[in-house]
Each structure stands twice: as C-alpha cells, then as structure tokens.
Amino acid sequence: MERRIVLPGELVAEGNYRLGDGVYREGNKIYSSLLGLLDEKKGFIRVIPFTRKYIPKAGDFVIGKIIDIQFASWEVDINSPYRAILNVEDFREDLKPGQVDLSKFLSIGDVIFAVVKEITPSRRIYLSMRMNNSTVLRRGRLVEVTPSKIPRVIGKKKSMLLMIKREIGIKILVGQNGRIWLDGTQDKINLAVKVLRKIEKEAHTSGLTDRVKEMIRRERDRK
Amino acid sequence: MKVGKPERLIVNGKRLDGRDFDEMREIKIKAGVLERADGSAYVEWGGNKILAACYGPREVHPKHLVKPDKALLRCIYSMAPFSVSDRKKPGPDRRSIEISKVTRQALEPVVFTRLFPRTAIDIFIEVLQASGGTRCAGITAASVALADAGIPMQDLVPACAAGKVDGEIVLDLFDLEDNYGEGDMPVAIIPRKKEVTLLQMDGKFTREEFEKAFKLAIKGCMYVYEKQKQALKERYE
Amino acid sequence: MSTDVIAEVKRDYIISLLQQGERIDGRKFYEYRNISVETGKFEKAEGSALVKIGNTQVLVGVKLGIGEPYPDSPDMGVLTTSAELVPLASPTFEPGPPDENAIELARVVDRGIRESECIDFEKLCIVEGEKVWIVFVDIHVLDYDGNLFDASSLGAIAALLNTKFPKLEDDRIIYSEKTNQSLPIIEKPIETTFAKINNKIVLDPNLDEELVMDARLTIATTEKGEYCALQKGGSGTFSQEEILEIIDVSIEKSKELRKFLR
C-alpha cells in the first residue's frame, strides 16, 4: 500500500483505530504528530518518522557500552537520549548484589550485545543478557549507522545480512540502536564497513542487495 | 522625533516597500539544511535570513535541570554581529533573552514533551540578517526544525506580526515600519484550533485597532503555515 | 556521549585505512573536499562570504565602523576578528562566551590577515590620531564537520574582498547606502590545515579525522609564496621532516583555494 508523507497536525483518519506511534486522537479524529510516512493497516494506524534517533523498544537487541558501575548494576550507553541499566541479576542468574565486585564481570568500556527487557513509564530502560545470544563483545570492531537504516542492513527475512556474512566471511551482530559489531580480519572488517556505508547511502533504492553482492565480489577479486 | 524617521511611511496608499496594507513579504523556507543538527530549517522572509536548528531528545546537561516527567524544552535566539546595520556585539543581550523565552513558550504548548521524560530538546535560532519581524521568522523556522528532527507535536506553529503605521493597520512590518511605526504585534498560533501561543504588543491601539491588527496577524500566520508545510513536504520528495 | 564512544573505535579503523593509503571518505591524502564560496548574499554586512568545505559551513561577515586608532599607530585603521562556535553548528558546541577553541580560531584567522599585510591600514585613516575605520571580521560557524580554520580563513578573505565602504556623511555612517569603493586589499592570504593521524599526514581533516588526530598544523601563505602565520594544535607532535614536507605542500594547495577568490 502506497504510503504518503504526513505532517504534524495533519488529519489522517477518523473513527476507531488502534493507535501506534506518531499519531494522537482528538474526539473522533486522528492526527499525525510527526513528519513521516503514514502506515495504516487493518484498523491500526501509525506514522513512521524520518528521524535519525534511536528510541528503544522492549524486545530490541542493542549493542551497548558500559559507562558506569553502580552497587548492583551497570549503566550502559545505547546511542539513545536515554542511558540503560543492566541489573546484576539480569546479567547472570546466580549473581547477587553486594556479593560480587561487578567490575570483575563487566568493566567500563566493555561492549555488550543485550536485549531491552523493559521500559518503565518514566522511560527507565532495563537490559537483560540472559537471552541466548547476549554476549560480551571482546574482539572486533564497532560501527555506527543511522538507526532508521538498520532494517535495510538486515533486509527482508535477513537476506542482506546473511548475504554479507556469507560473501565476506565475517561475523556480524546488528543492534537496533544503529550499532553493528564486526569480527574478522582487518581486511574483511574494512570491506564490511564500506558495505555498510553503501547501504546507508542507498537504503531507499531497489536492487540494493544485488549491487552490494557485486561490490563485495569486485573487492574480493581485486585482492 | 526619532533620527532617520522617514517623513511618511505610507505614500499613495502603499507602504514604502510597495506593499498593500494586507500584503506579506516574500517567504522561502527550506528544511534539513544542516548536517550535524537533528533537525534544521532556513527561512528567508523579506530581508530576514534566519537559521534554526533542533537537537533532541538528548541528555540534559547540567543534570540538575532534568524534569522527571517530561522533556526540558530550551530555546536560544541569537543575532550574528553582522546581521544588523550597526554591528551587534556578540553575546546575549536583554532583548535576545526575552525573545528566547517567549519563543520557547510559543512552541512548548504543541510539543509532546511527556513522551520523553528526563531529556532535553534544544532549539537554536541564529539571525544571520535582520529586517523586521525576526522573532516571528525565528518561531516559524524553529517549528520546521522541530518537525525535521522528528519531535512529535500537535501541529506546526506559524508566527506573524501586524502593526500600525501612519495610523493604518498593516500586516508583516518590515524594519523601517518596525522601527518608526506606531505599534507592533507579533502573534503565533496553533493553526488547527487557532489557539494563540505568542502575543506581544508595543505601541498604542484602540480596541478597534487591536482587533483589526490581531485578526490580520492571524491571517498572516495561516499564510506562513502553508509555507511551513510546503517546506517539509519538499524535504522528502 | 556517543561521540566519544565511537571516536575510540573509529580511530583504529581510520588508522588501518590510512596504512593502506585510503581515507575514510575516499579522498587522497592531500585532497580537499568539495569547496564553494558565495559572497555578498548578506546585505546588512558590508561584506560577506558563505564557505562550504564538504559539510562544514562557515559564514563570515565584515562590518565597518569608525573609532579611535591605537595610540602607537595613529594613522592606521584597526582590524578585529572574532569567531562564534554557535550551538546550532554541533551537538558539542555549548551556548556561552567564546571558549578556547573559538578564541584560537579567531586569532589564527586574524594572524593570517594581519601578518600577510593584506589590508593597507594606512588607507583606512580618516583623521590621523582621531578617526580611523575599524574592520570587524565576524566568523559564524554554522555546521561543523571538520577543518574550521581553512573554511573560516577562506571566508574571511573572501568577505574582505567583497566589502564595500558605506557612505560617510560628516561624521556619520549611512549603512543603508553602500559606495562602490572596496577595502584596500593588497594580498590574499590562504590558510591550509593538515592533520597527523598516527604518522600519516592528511590535508583538510573531516570531523571523523579531527576527532582522532594526534596533531594539526595550519599554515598561512601569501600570493607571493611567503609564509606569514603558523599554528600547531593538538597534544601530539610533528617531526621536523613532517613540518618541512607540509609547508611545501601548503604552497601548492593554497593556489587551489585562492582560485575561489574573485
């Protein structure tokens, strides 16, 4: 369905709809609160912004960096207006506050792959590392892209991401917060970064996955 | 009598810049003109050239200003030294500080600050060239910059001034009229409900004159609103 | 916050690219980004120039006023240069009086203009010992993406070349009436800035490169090929050989920038 660009204050619908982000209701009328694309399906309506910021949602996988250690938790930077908190019991079930020196497990500067467990109404963000693929990222390189381009980096049914992994031969972890972790040789990492920049620039075009595959093969043959 | 005042501000039914009483100056607005800012807008309004940028939501510094239940909206209006004929010394003066405050209060009612507690939304307005009505142009630009940054709002906020010049009520005063006229009334509104978020006035108006100027300014705001919408739609076409 | 997190990480990536002879944005080591200079668009200023180098944008305005000369140079006009890193130009610029970066920027640009003797100050004298023209150069940074020095100094000289005297009637300046008379400019100083990143030297650092550089060197040269001002910045060091190589390249590169001046 064709999505149209809407503006703050624009009337987008009337009547009974479930409201997502970017819209608000006044009486029977529903208005957009954002500059973005109107997304309407089956009684659900929202506006997708063009913005570059990452606003966390529960369930998102994120790549964060430890910036402070408290008594029973770590403070984590997740490239968002909000810092996140990782409580010690969300790191490992068997650890209890007060019994351990937290810096033995995660020190300031460490990079982690975690999930957003919960966001309270006052926007306190809690992470958890007790999911299967949460890890501490010790080697490798961190790259930042515009958060809104992450879906394109992953691709439909992960098509883009899997292709990059396969063609370059590199480990990649993608955070919804615009951060991507690359693990491999220096050459492969450099190529992967070039690829990510290309995707960022051309995210809105079609045929991108094929063009990226082309680019990777050309670079590989060059070496 | 003020030095430099032209003998008449209205000659043969036209204003000194050739406009009719209810005619606006030319306005051009472009959204998304800066690389670093989260949102930005550039407005050329008559001889005014104004750049506005928005950063946010972002962390609040200094921390003690944090509001637990909403975003802190901050606004700074500033004029470049070369923006006026008599060079303005850099740094905030009392006029800029007041304009910063009323600008913030003109925009605050529409921003959904409760969606981003404990953050800051910062707005910066730089007047690069001034030619009368910079606060209205600044609010207009800031509103577009906020939308460009993806800040959720009830509506855009257009602003426009009307005033009295040689006894006549006119729309959108330019600098000579601003300096030498008999009254100036800048207004900003939430267009859909026509609610007023900025209203200031200096000069002397009778009750009739007030209403005429007020309604004229609101008409001007609606014209400005169309320009704001156009700029945002063009950003992504 | 995120800026320093990423800076650390980017440093390794930028360095490894440089080892392979590449820069993060694909430029050659001694290549400028796209440059544009637009003059005279801001009419309340007696002269103006908007300079873009890549995404960096700097607006320089020149205002003329009348004042007393300095006691030790009673027959010479006065130049004063200031810079504002306005908060809208970068998330890292805070409102307030000029900080050490803004002050350094203004003084380095000023030095290039002053030491090159590009303005014939004696022609700015109105009444010796009493009244001279004062030239205000105001640098207004609008978008910071690296290398403010070159953008600001190019803007300053372009704005000065673009400046016209306003009408002077008895003792009053009538700003609304510009004459056809230009400022007495007899030289065209150009500044070029190099960054050192882990033993590699690059021209015109962009923001990423500036955030990870060890040191920078800005060189001002005249049209005649003389050096008139230098400034090393950053807490790293340069070897003597590096400096000698840089100042040679600087003369070549300044010719490219000078082409943007009318």
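All chains are identified by letter, namely A, B and C, in their written order; residue positions are counted from 1 within each chain.
Please note the rule applied: contacts are C-beta pairs under 8 Å (C-beta built on N, C-alpha and C of every residue); 3 or more make two chains touch, one makes a residue touch a chain.
Bear in mind the structure is a predicted one, so any value in this text is a computation, not a measurement.
Q: For this structure, which two chains share the highest number of contact pairs?
A: B-C
Q: Most remote chain relative to chain B, going by C-alpha centroids?
A: Between chain B and every other chain, the largest centroid distance is to A.
Q: Just the number, please: Cα centre separation of chain A and chain B in whole Å.
A: 37
Q: Centroid of chain B to centroid of chain C, CA atoms only: how many Å?
A: Going by mean C-alpha positions, chain B sits 31 Å from chain C.
Q: Distance from the CA centroid of chain A to that of chain C, rounded to the nearest Å?
A: 39
Q: Name the residues of chain B that each touch 2 or more other chains.
A: Residues 58-59 of chain B touch two or more partner chains.
Q: When you check chain A against every other chain, which residues touch at least two of them?
A: In chain A, no residue touches at least two other chains, as defined above.
Q: Would you mind listing the residues of chain C that make contact with two or more other chains?
A: Where chain C meets two or more other chains at a single residue, that happens at 1.
Q: What residues on chain A touch chain B, complex-wise?
A: Residues of chain A touching chain B: 5, 7-9, 22, 24, 31, 33-36, 49-53, 81-83, 122-123.
Q: Applying the document's contact rule, which stretches of chain C touch chain B when the two form their complex?
A: 1, 41-45, 48, 55, 57, 59, 61-63, 65, 82, 84, 86-91, 95, 97-98, 136, 138, 140, 142-145, 175-176
Q: Where on chain B does chain C make contact in their complex?
A: 34-37, 40, 47, 49, 51-53, 55, 58-59, 76, 78, 80-87, 90-91, 122, 124, 126, 128-131
Q: Note which residues of chain C are touching chain A in the complex, please.
A: Chain C residues touching chain A: 1-2, 5-6, 9, 12-13, 16-17, 20.
Q: Applying the document's contact rule, which stretches of chain B touch chain A when the two form their complex?
A: Residue positions touching the partner: 38, 56-59, 68-69, 110, 112, 116-119, 147-150, 152-156, 190-192, 229, 232-233, 235-237.
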